[in-house]
Each structure stands twice: as structure tokens, then as C-alpha cells.
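Shared between the two complexes below is chain A, which pairs with chain B and chain C, respectively.
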Partner chain A sequence: MTEVVATNETILVVGGGISGMTAALEAAETGKQVVLVEKRPYLGGRVSQLYKYFPKLCFPTCGLEINQRRARMNPNLRVLTMAEVTGIKGDKGNYTATVKLSPRYVNGNCTACGDCEKAVSAEFDDEYNYGLGKRKGAYLPYRMAMPTQYVIDPRLIGTEEADKAKAACKYDAVDLEMQEETLDFPCGAVIWATGWQPYDAAKIQPYGYDRFPNVITSVEFERLADPQGPTGGKLVRPSDGKEAKKVAFIQCAGSRDRNHLLHCSRICCMASLKQCTYVADAWGAEAEVSVYYIDMRAIDRFEDFYAKVRGIEQVKFIKSKPASVVADKEGNPVVHGVDTEGYKRFADTFDLVVLAVGMEPSVDKDSFPVDIVLNREGFIEADPGNGGVFAAGCASDALDVNRAVQHATGAALRAIQVVNGAAGVEG
Partner chain B sequence: MAVDKKFAGYLCTGCGIGERLDAKQLTMVATREGKMASCKSHPMLCSAEGVQLIRDDVAAGNATHVMIAACSRRAKMEAFNFTDIAMSRANLREGVIWLRPEGDEHQETTQEMADDYVRMACAEVRFMTVPSGSGEQSLNRNLLVVGNGVTAMASALEAAKAGYGVHLVCDEGVLGGVYKDLYKRVPFRAAPPGVSNARTAPLPQPEEPGIAEMIAEVQANPRISVHLNAKVTKTSGAPGRFSADISTESGGTVTENIGAIVQATDYKPYDAKRLPEFAYGKTPDVVTNFEMEKLAKAANGGPLKRPSDGKEVKAVAFIQCAGQRSEQEGHLPYCSGFCCTESIKQAMYFKAQNPDCDATVLFDDLRTPGAAGEDFYRAGQQAQVTFSKGKASEVVVEGGKLTVKFKDLILNEDTAMECDLVVLATGQVPNTGPDPYAQLAVDEAPTEEEKEAARRALAVAPPSILNLDYRQGTDLPQLKHGFVDSHFICFPYETRRTGIYAAGPVRRPMDMKQAIDDAAGATLKAIQAAENAALGAGAHPRVGDLSYPTFRKEGCTQCKRCTVECPFGAINEDEQKYPQFNEARCRRCGTCMGACPVRVISFENYSIETVGQQIKAVDVPDEFSEKPRLLVLACENDAYPALDMAAQAGGSTISPFARVIPVRCLGSVNLNWITDALNSGYDGIILMGCRRDDDYQCHFVRGSKMAAERLSKVGDTLQQLRLETERVVVYEVAITDVQRVPLLINDMAATVEKIGMSPFKF
Partner chain C sequence: MSDLNTAMIERYRTNFLKEVEANVEEGEWVKMCMQCGVCSGSCPLGKFWAHPPQEIFMMIRAGKREEVLSSDSMWMCTSCYNCIVRCPRELPITHIMHGLASYAKRLGLVAANQPTAKFAQLFWNNLMKKGRVNELKLGLALYFMNGFGEGIKIALKKQKLGMNMMKTGRMNPMEILGGHAVKDLSGFQKVIQKAQELEDARIAKHGA
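Let's look at the complex of A and B:
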């Protein structure tokens, strides 16, 4: 059985992406006891799936390396992965959290030697690559995964493949008898950092994401650009592996739209500007990039980056919310619409179309496991009625990484205020 | 602290180490050459049983200094996490067997590689001391918050709520700052659930600003001392023991002891006099967004009148990005991020009072992010504010009429509109002190001419806000456009002055809601700095590190390189011009250690010796052996993990002659290590640090840059030794350079093969 030592001075952090990690680390490094609960088998969340950050074009794994070292070394922090909070009862300063732990089928003995992976042959869609590639049934989710511990896909359990994985392990790390567990433990304050998920692009019917393989989403494009990704960093299109030199970015795909997400996700303009540099870097003078936008929202100091990308000759900007995307005989996507600057119709053919999809909250607003004040888009509003539960990062609004971390750091303080009260420090 | 060092070695034979390498040989190297009193082997050292083996020896008093030969120091960190002992790790798994091909022909050199790593780890741990903290600190639970506005008040309230005391220093007679004349504020929330997506659905409207309530709350809070009409005239010390002189206009000065500091001095409204094209100053009917709030507040829901003749405004134009997002001299190149929603709000003032008033917002890109932002944009549309994509070029005043000339970007034509009042959406100018490196530029300019230029830059610098009594200047260092740190996307509160955190629009332009949230974040960091200083523990990124730099005074030549090069301005000079390290300001990067030409600066757990002795411990075969030695000094956060990951991925191999030593930062690399290595027969040296330009990725800000500057002088050494310059190279390496790092090492191996072995073999 997994044991968690906790009291009503413990801070529970729900979600181990960049916001949850930050909130947990900042609180732990201020001397507080923290339990961090993450649904995936590893920490880092969606940030771990990004190739570069805007506007510096630096690498998210660089900061993750620091954060993971902080997490590994901190005695105040307990991390539970493959864990989900299913309920929180009680009041501010005195909660009981219920957490469901899914079996990993690999215990802490794992040395990440990779022998189990070599032993099995079954392959599944790789979630880390948004299904653009395959992974084995025994796998390390990605190279820097923390904990550095393999996972056996539950679909292997009961098959010969699972037995092969077990037999291959020299360290008795594969435990096929592992069961789902449910834990109850106390905590004084909760930081809710469950983040976001990309809006389902298939719902934007006119853009044909579900019909045309060469219409992909911005998060998928990020995996294509990453040298550790399914194409080894080559910008090639899914249908035929052809080099994607002529690329369209459609902004606000499913955002600022009464039929889809009402809100602006804030990051998509900057993300597309960043991805323009991927195309320009990959193909140089041969690159041809079109960005279709309503408003370019390169807010505050990001304006510098917008200016920099505007300076790239191969990138042009068209003020338009395209009407539709169709495919020609060769499978090339064709973007139709009207350029509102001058009202000119266009039908432009590309190798690849990237839909800049918005962020929607990961947790469905209609089945939120705790009683909390949401807005109509499902983001958590700061409200005294939330008691000792505080949102951090994209659970509160669509935020970029820098703002999410900023927000999460503030959330850590608000949780500390509650447990300091519980500990009698306040007053 | 253990005075008697007990050395114990542990060898893991798991993960293929036992199969690929001669464990007996490694044990012998550890005990005979490495001087470990013992070296125990275990088939899985990271298992509970293996770790217990070490714990038992520690508990029995047989091990104070532990050498673990197993996997990379980045692996199994949780298992090999011992407090109160010194530990080194020989990287035999990722560093040797996973980067070397199997096969008899490789066996000899691969084993020699492993032997060397064991020698190096033994040498390292022999020269380590268990850090014990300085004992200089005690807990000070008072924060100094500097600023007069919403951000500062929010910071003070958040700190007080967590149980900390606050000295709030406000340079005006009343609190409120730039928002004290606010009539209403942009709503903080989006529409609640249940509100439909219909065009007529009720949406959040401009709301009460809440400033007066906030001021009252601050004034009533017993933990907050408000110092009005006051300035910080001197700040000295370090986190946990800052001393701040707070002087009032009346001449009185109080000195307060402070744990940590939040600078929340907000922004100054952009000076619209720089916009003559929009007739600002020519007529009172062209106002800024800040002045517009005063008009609205004065009208208090009644008819909005224009300043020139008191006529009720029937048509108003808002010019967005006025003096912003522009490369023109005197304009702000950035977007202030708050003016779009401010203008929508102000346009709604007119519409609420008189629905027939024409309120037009001329914009290029309307920027209303998030759920609340977009809902507020919709609320403006519901109120029938006109949004027109256009770029204003001029405001013409004729009689009582104003004409705004603009290019209609939709119709792609030049046009004009008439109105009674023009509101310029002007931006935020960060209210920061002088950039400390502008001051240093004066001190250190080599020629009188350059000194003069630097002086001119300084002359227009604003007055100091913090008046830090620091060797490296009085205020927080600046990034671009006058905003202060952080430059790091993952770490927004990293500043180059430990224990001093910027909050709100001094960091980046932001609206009120974000500034309030930002205050909470910066306050947490300040509280954390005070708490960790009390423990003698380091701040980010080496949180909890109890070691700090010390120096051998009798060897110090007072050259000041350490005080100048410290990226964090941590080191002052005492009255005799010796360095004064202020350990709570130190980030433990080791740049001072790298800078010191006479090698007198060291940390207990990281020193000239802990690295220098590793370099010496490597077995250097003679010139005719065809076994060169390549020294790789790699940043532990980026280059070293990249090499680990190359090993993990498989497929990469590196030269068996490379010996890789992780360093905290390339800035900690002392030239003496390089000289010593060359003198003792190394054939090639590769240094791998982080990107160091304006988009620097060095987590110690200037460490990598400092190292590169220092190493640019290594050519002289090479010439003196009559060695080829190709033997020493410096690379910028990122953590993603998984394929590249092995190639860089192999390139050096190829270079050495081409130019031949070093003649300096003993």
C-alpha cells in the first residue's frame, strides 16, 4: 500500500505540469509539506511536449531539468504520479482528499535500463507525441520523464507480452499484480493546477482536421519540430512524408468564436509566431509561411518578437478568419477566405495547414470534483467561496508559461496563508 | 562537522556495469589509488538493500565521505540522497558503458575510462567538506515593500495575511498610485456559468475600482507600517539581515531590520507631450487615458464634458497604441497590454451615460486576452462601441472641432473622423531606478571618452529607488526597455539581487488584476528568501545548499575580479578592499571562484581542489601511447544532461579518451584548471556552457559569458606553451543538443589525431 504522511498543515497540489510543479516547489522551498498529485505517469505536463518557448526560443527541458532536480532533492515534497484527486471534503484548513492511484506495474526498483521495452513487441499510439508516433507497451514516456521509471501499458496486462516484460527485468521492478488504490489523507489547503487541453480541432468542421491528414494542430506541429519527436525534427507532412515548406497557420481556430471557445487563449498568436521560425529555420529561402489572423496578440514585451518575425521575409500576415479548408487532388490543403484588409478573396494552396487551437480547461466544468467558482468557459475564478482551494496557472485562465508560473507562485502564497493559520503562525 | 574524514567507496555492478567492466579492477583503483578505506560492491546499489549498506556504514561512523561508482549523478538522486555526508558519483553507466561500443577491441580503453572516473570521484570526495552553513543568519519576518500603488498594497496585504510584518514605503502623501483617480476598473471576471453565448447575454460591466477599500484595509492592518512621503535612502546587508533607512520628507530617518524586499513601484504614465502629431498639449480636448479617468470621476455618471468649453461630448475617438508599438524615437517599442481593455471601458462610460454618443476605438490589433478579456470586448460591442481597424496619423484642431486622420485598414484608404474629444491610449513606463550596470560602465570605461559617454547615460538615469549599498550599483539590473528581471520564462521571479523581488509593471507591462496576482508571487519569493536565509540555505536554483564562498585572505591580491564578475552583485568590498561575500546574497554558482586568478575562493562542497584534483587524478599515458586525454568541462544543467540523454538514447558513442567533469556553471571554471590540464599533458579541452547572448540561457545569468571572456585569453597560455590553439574550444550547448554533444567531443578527438599528441606528458 502507498502511504502518504500528511496533516492539516500539508498543501495538496493537484496537477504536475509547470504550474503545479512550480506551486509545489515554491511552497516546499518555503518549508511547507507538500503532496503533488499528477494524473500522467510523469511530471512536466504539456510543457514537456513543447520543443521551444517563445519569445526566447529556448528549450523547456532546460527549466524542467532544474525543476526536476529541485523536486528530487526536496524532503518536503511528496510526488504521486498516475494519481487523480477524486474528491475533497471538509473546510479550509481541514480537508480530506481522496486520491485514486492507477497501477504503473513498475515499482521503484526500476533503473530505467530499458530491458523490458526491448522484450515486448506490442506498440500503441504515443500520447506524448499526440499519437503521431508509436511507443512500446513497456515504455519510458519520454527521455527526461520524472520519475525515471518505466510504465507497463494496462492493455498488456494478462497477455504474454506482460510476462515477457517481467521476465526481462533483472531488478524485480515489474510487478504485474499491482492494483488500483484509493488513498485518503488530510490537507489544509489545495492548489488546483490541472491545466489545459487543446481544443478538439475536429469540431471545427470547415477546417477539415478530421478529413485531411495535412491539416494538423499547433501542438502536433510542436512535436514535428522537435528533434526528439516522431519525425526526428523534420517538418514533413503526415499524408505522404513530403517536406512541408509552404505552411499556413490559422489563428483563433475554434477560439473567440460563439460556436466553439468564447475566449482568447492568449498564447496561440505567439505560438504561431514561434512556429513560423521553425519553418523559416528548416527551409530558409524556400520556406513560405502565411499567418491568417484576426488580431495579432503579441502582448507587452512580446511585441519585440512579433517585430522580429515580421522581419522574416518568408512570412506574411493576412488579416482573415479563413472560411474553409479543402484538399486538392494531391492532398494539398487549400485555404479559402477573404482578406479583410482590402476585401480580397483568396484560395491559397499549402503543403501543410496548422490550426492554432485554443486552450480549454482540462477538467470538464460540468463534473468538477470539488465545489468551486468557475466562469462559463470552465476556468476557476478567485473567490472567497472557494475556501482553501486556489487555482494555479491555466486552470484559472488561458496563460503562457511565464504567466502561469507567476500565477502559480502566488497560489503557493495563498495556500501558505491558510496552513500558517492552521499552524498558528498567523496572529 | 566531521573533522575526521572517513572515506568509503561503493561500486554498483548492476545495469551491465558488472558485465561490461572489471569490477575487481575498479575496486582496486578506488582503494589503492583513490585512497578509499574500503570499496564495497553491490549488484543493485540503488535498491533499498544497497542504500542501506551505505546508511549502515554512515551510522556506524565508518563513512563521512562517500564515493559512489554507479549511474549518472542525475539518476537515482532520490535513492542516493544523504544529508550530513559528502558524496561524489562516478558515472560508469551513462558516462562509460552506454557511450562505448561493446567488443574486445574496445575493452581496454573503456576500462581505462571507467578506472579514471573512479579515480576522479575519489579525488573529488577527498577534497570535499560537508557544508554546515555560516550561522550568520536569524529569522527576520519583516518585509520591506516599496511602492505607492495597488501592487505594493497587494504585496503588503498578502504578506500580512501569511503572518509577516511589512514596512510599506510610499513616496506620496496618499496611497493609490497611478490608479488613485480610477473611476471604474475593468472587470476581473468572465461571465459566470449559465450565461449563454447569445449576443444579448448579460456580460460583466466596468466595476467599482476598490482602491479606497484597499487603502483602508492596508491602514487598518496591524502588521503593516505605512511610511508616507517616504523614500528608502539606504539599503545594506543581505536577505535575513537587510537594514533599510526610511527617510521622510520632513527629514526624519528610521532604520529598520528587514528579511527581504519587494519592489512594487509600478509605472509612470507615458509622457503624451511626445505626441505632438496628436495635438496633445495644443488643446485640452486631447487627453490621455489617465486624464480620461479623472474626467469620468469628476462627471461621476453625469454627462461627460470636454475640458475646453464644458460642452457635452457627442463623439469621442480612442487612439490605441498612442506612442507605443513603434520604433520611432521617443515612442515605446512594446505594447503596454492594458490599454485595449481600458479604452473599451472608457468608451463604455460614454455609452452608459448617453447611448447616442459616438464612441470609436481606432486599433491595429485589439488585445483582450483570456476569458475575462474577450467577454469584456463583447460587452463593449454590446454597448455599441465602434471598433475600427485603423491607424491614426494626425489630430487636427480647427475651431472647436477635432479631426482624427487615419488609414482605414479594412477599406485600405486614408480617411478622417470628427469628434469632440480624443483619448490617447498611452502606455506604461516602468518606474525603476538607474541600471546598476550603467554605473559600472562609468567606473570601468577604459578611456575618458567612453567614461564621458557613460556619464551622459547616467545623467539622464532616474533617481535610485532602493539605494542599495552594493558594489554593483544601487538598484535592480534592467533587461530591455527599462524593465527589470526576470529574463527566464520558467522562473519569472529570478532577480539578480537575491532577496529583492520585483512585482507588477516594473517587471513587464500589465493590468491591475495581473499586478495584484503578481504581488502575491513576488511576496512569496520574498518570504521564501527570508526563511531560507535564516537557515543559511541558498536561494534558487541551488535551494538548500548550505555552502557559501570563502576566501584565503592572506592569498588575496584585492584584484576585485570576484566583486565585479559576480552575476548577482553579492560581493562587496570591505574597508581594506577585501571581498565581503554576503552569503545570503550568494547563489552558489562559483563565478567568483572561476574569476579568482590566485585561486583563493572556494566552497566547502565545490572548490578549486574538488575539480582540480579530478583533473590531476586522470591517468595520462605517455606521448607514444596513442591514448590522448580530452578534458570536457560541462555545465551540469544543460550540456551534461544532454550527454546523459545521448547515452540513454543509445546509438551515440564518444571517444574513450574523453573525461567529462560537470561544473555548476561555466562561470566557475578557473583558468588555472585549464593551464594545469595543459601542463599535465591533456591533449584537448572542451568547455560546454549555455547560450550567453541577449537571449541568454545561463541560469546564473552572466556565468557563461564571463567564462567565455576569460577563456578568450587562453590563447596566450597556449602560445606560451607552444601548443596549437585548436586544443581548447568553448561551445554554447543546449540541453537539447543530444546528438551534437557526442559529436563535439569526437571532433576534438579527431583534431588531436590530426595535430598530434601534446608533448607535455609526464
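Let's look at the complex of A and C:
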């Protein structure tokens, strides 16, 4: 059985993405006891699925490595992966959390040698690559996964494949008898850092995401560009593996639209500008990029980056929200619309269309396990009615990594004040 | 130019957007357009118009009164509602286009031979007589809309269609003798009269 030592001075952090990790580490480094609960089998969240950051075009692996080291070094931090908070009861300074732990079927003996992976043959859609590639039934979620510990897919349990994995392990790390567990433990404050998910692009019917394989989302494109991704970093399109040299980016795919998401997701303009550089870097003079936009929202210091991408000769900007995407006989996506600068109609053919999808909260409005005040977009409001529950990062709003981390640090401070109150240190 | 048109020019002078907001049905929505262009791109007939909806909205804001009101664009709308469905700000674009058409007509700015305007008038006149559309009479009126000679030509061309419609009971030749009315014709007329009163009151409020 998993044991968690906690008191009403413990801070519970829900979600182990960049915001949750930051909040947990900031609090733990001040000496507070922190329990970090993550649904996935590893920490890092969606940041781990990015190839580069904007605007510096540096690699997220760098910051993640620093955070992983901080987490390993800190005795005040307890990390639970494959864990979900199913209930929080009580009041500010005195909560009881209920956490469901899904079985990993691999224990702490694992050295990540990979023998179990070699022993099994069953393959499944790779969640880490948004289903663009396959992974084995016994797998390390991604190269830098923390904890560095394999996972056996539950769909393998009860099959011969699972026994093969167990037989292949030299360290007795595969435990096929593991069961789901439910834990109850006390905590004084909760930091809610469940983050975001990409808006379901199939709901934007005219763009045909569900009909045309060469219409993909920006998060999927990020995986294509990553050398660790399903194509080894080659920008090729899904339908036939043809090199994607002529690429269209469609902005506000779901955002700022009363039929979809009411809010501006803030990151998509910058993400597309960043991805323009991927195409230009990959194909040089042969690259042809078109960005279809309503208005580019490169706020404050990002303006420089926007100007830089504007300066790339192969990148064209068209002020238009496209009306529809159709496919021609060769499977090339054709973007239709009207260029609002001059009211010219266009029907432009591309190798690949990337929808810059918006951010929506990853927890559905109706499935919060705790009473919390949400705004109309489903993000958590900073409200006194939330008691000792504080949002961090994208659970509170559509934010980029930089702002999410700042926000998470603020949330850590609020949580610290609550547990100090519970300990009688403060009023 | 009608007196009403002169009066409205005098009244609103440089602010055509205000004039549209006050006088055009759903006109208060025009300022909400963010010029994304999805309506223009989505219009199945857009390439046949002088100005797609989004351009019309920009022209209204830019005060291009004459160009807007004498444009044929709002008369080309077939009410397919593609634009309304896709508009990210849920503007009732189709209704605004019809509102503009109706206002242009009120001001007497519609070209004499505007075919949609002409047909709309025929439809209305036909509907008002019996409270329902007499399709035989409306069809014939449409054929002869542009003169007797052309009417005969079209009628002959459509002969087979007419015969087939009669055979399948879709059209009754006896309808040419007056035709049948709705059950409560006087009630229908009262409804129309009341609607006209409300519309007159609304127009009077805005001085046009």
C-alpha cells in the first residue's frame, strides 16, 4: 500500500505540469510539506511535448531538467503519478483529499533498461505524440520522463504479452498484481494546477480536421518538428509522408469565436510564429508559409519576435479568417476565404494545414471534485469563496509558460499563508 | 432623390453608422463586426456581388452612404445563413442585409430594374390578396415581369414543368380564377395592419 504522510500544514498540488511543478517546488523549498498529484505517469505536462519555446526558440528540456533536479533534491516534496484527486472535503486549513492511484504495474526497482519494451509486441497510439505515432504496451512515456520508470499499459494485463514483460525483467520490477488504490490524507491548502487541453479541432466543422489527414493541429505540428517525435523531426504530412514545404497556419481556430471558445487563447499567435521558423529552417528557400489571421496578438515584448518572423521572406501574412478547407484530388488541403485587405477571394493549395487551436481548461466545468468559482470560459476565478483552494497557471486562464510560472509562484505564496495560519504562525 | 432621403442625409450628416443603427433592422450589430472576413469567404454567391457583407459593414463605418444604399449586394443575399452560422461574433448578417435592402427601398434608392426588388414586390402583392401565395399567379407574374414577349417565351419553355406539376397535383389551373384564401382572411389582414402600425411607430420614433 502507498502511504502518504501529511497534516493540515501540508500543501496539496493538483497537476504536475510546469505550473504544478513550479508551485510545488517553490512551496517545498520554503520548507513546507507538499504532495504533488499527477494524472500522467510522469511530470512535465504539456511543456514536455513542446519542441521549442517562443520567443527565444530555446528548448523546454532545459528548464524541465532544472525542475526535475529540484524535485529530486527536495525532501519536502512527495510526488504521486498516475494519481487523480477525486474529492476534497473540509475547509480552508483543514481539508481531506481523496486520491485514486492507477496501477503502473512497474515498481521502484525499475532501472529503465527497456528489456520489457523489447519483449512485448503490442502497440498502441502514443499519447505523448498526440496519437501521431505508436508506442509499445510496455513503455517509457518519453525520453526524459520523471520518474524514470516504465509503465505497463493496462490493456496488456491478462494477456501473454504482460507475462513476457514480466519474464524479461531482470530486476523484478514488473508487478502484474498491482491494484488501484484510494488514499485519504489531510492538507491545509490546495493548489489547483490542472492546466489546459487543446480545443477539439473536429468541432470547427468547415476546417475538416476530422475529414482530411493533412489538416492537423498546432500541438501535433510541434511533435512533427521535434527530433524525438514520431517523424524524427522531419516535417512530413500524415497522409502520404510527403515533405510539407508549403504550409498554412490558420489562427483563431476555435478561439475568439462565440461558436467555440469565447476567449482569446493568447499563445496561438506566438506558437504559429514560432512554428513558421521551423518550416523556414527545415526547407530554406523552398519553404512557403502562409499565416491566415484576424489580427496578430504579439503582446508587449513579443512584438520583436513578430517583427523578426515578418522579416522572413518565405513567410506571408494574409489578413483573413478562412471560410473553409477542402481537399483536392491529390489530398492537398485547399484554403478558401477572402483577403480582407482588398477583399480578394483566394483558394490556396498547401501540403499541410496547421490549425492554431485554442486553450480550454482541462477539467470540465461540471467535474471539479471541489466547490470552486469558475468564470464563463471555465477557468478558475480568484475568489474568496474558494477558501484555501488556489488556481495556478492555465487552470486560471489561457497563459504562456512564462506567465503560468509567475502565476504558480503567486499561488504557492497564497497556499503558504494558509498553512502558516493553520500552524498558528500567522493570524 | 426622395424627400425622405434628403431629410435623412440632413439629419445624420456625417454619421452613416448612427443612421444605420437607428433605421436598419438589426443595424445596431454592425459595429460589432471585427472584420475577420469569414462571412465573405463563406457566401456561396459572394463572387457575384460588388461588396461582400464584411466590406459593406466597413463601408457603413467609413460613411460611404451612397455606395452602400445603392449597392446591389444586399439584394443578392439568398438567406442561406452560412455567414450567420460561422460569424465568430454571432452577427445576424443575413438579417442586416435584408434590413439594408428594406431601408434602401424606403428611401427610394433602389434601381428601377433591380430584379430581386421587383420580384419581392410581386411576391408581397400576391401574398396580401389572399393571405397565401397563389403559385400559379406568382409564377406567371414572374414570367411576364420583363414584358409580354419574354413572358410568352419563358412560359413555352416551362410548359413541361407546368404540366408535370398539374399531373402530380402540385398546381391547380383553377387557381387562376381568384384562388383560395386562408381560413380567416380578415384576421390575417388585421395581423398585417397591426404589424404595419408597429413598424410605422418604430420609424416615426427615429424620424424616418
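The rule is short, and it goes like this: the second predicted complex is superposed on the first by the 426 of 427 C-alpha atoms of A that agree within 3 Å, B and C clash if a C-alpha of one lies under 4 Å from a C-alpha of the other, contacts with A are read in each partner's own complex, and residues count from 1 in each chain.
Operating definition for what follows: contacts are C-beta pairs under 8 Å (C-beta built on N, C-alpha and C of every residue); 3 or more make two chains touch, one makes a residue touch a chain.
Bear in mind the structure is a predicted one, so any value in this text is a computation, not a measurement.
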#### Entry: Side-by-side fit of chain B and chain C on chain A, or clash
fit
### Message
Output check: A:C252 vs chain B and chain C. Expected answer is one of first, second, both, neither. What do you get?
### Response
second
### Task
Please work out whether A:P206 is in contact with chain B alone, chain C alone, both, or neither, and reply first, second, both or neither.
second
### Query
Among the partners chain B and chain C, which is in contact with a greater number of residues of chain A?
B
### Query
In the superposed arrangement, does A:I416 touch chain B (first), chain C (second), both or neither?
first
### Task
Mind working out whether A:A167 is in touch with chain B, chain C, both or neither, as first, second, both or neither?
neither
### Query
In the superposed arrangement, does A:Y343 touch chain B (first), chain C (second), both or neither?
both
### Query
Who does A:S320 touch here: chain B (first), chain C (second), both, or neither?
second
### Task
Superposed on chain A, how close does chain B come to chain C by Cα atoms? Whole Å, please.
5
### Task
Enumerate the residues of chain A that count as touching chain B in its complex and touching chain C in the other.
256, 258, 319, 340, 343
### Task
Please name which positions on chain A make contact with chain C in the complex.
206, 252, 256-260, 294, 319-324, 336-340, 343, 345
### Task
Write out the stretch or stretches of chain C touching chain A in their complex.
34-38, 40-42, 46-47, 51-52, 54-55, 85-90
### Task
Could you pull out which chain A residues touch chain B in their complex?
18, 26, 29-31, 53, 56-67, 69-70, 72-74, 109, 111-113, 143-144, 148, 170-171, 227-228, 256, 258, 262-266, 295-304, 307, 319, 340-343, 365, 373-377, 379, 381-382, 397-399, 401-403, 405-414, 416-417, 420, 425-427
### Query
Which residues, counting only chain B, touch chain A once they are in their complex?
14-16, 44, 46-47, 71, 74-78, 81, 158, 161-163, 188-195, 197, 325, 327, 333-337, 363, 365-375, 378, 389, 409-412, 480-481, 483, 487-493, 508-510, 514, 517-525, 527-528, 531-532, 540-541, 543-544, 637-638, 641, 645, 648-649, 690-691, 695, 697, 699, 734-736, 738-739
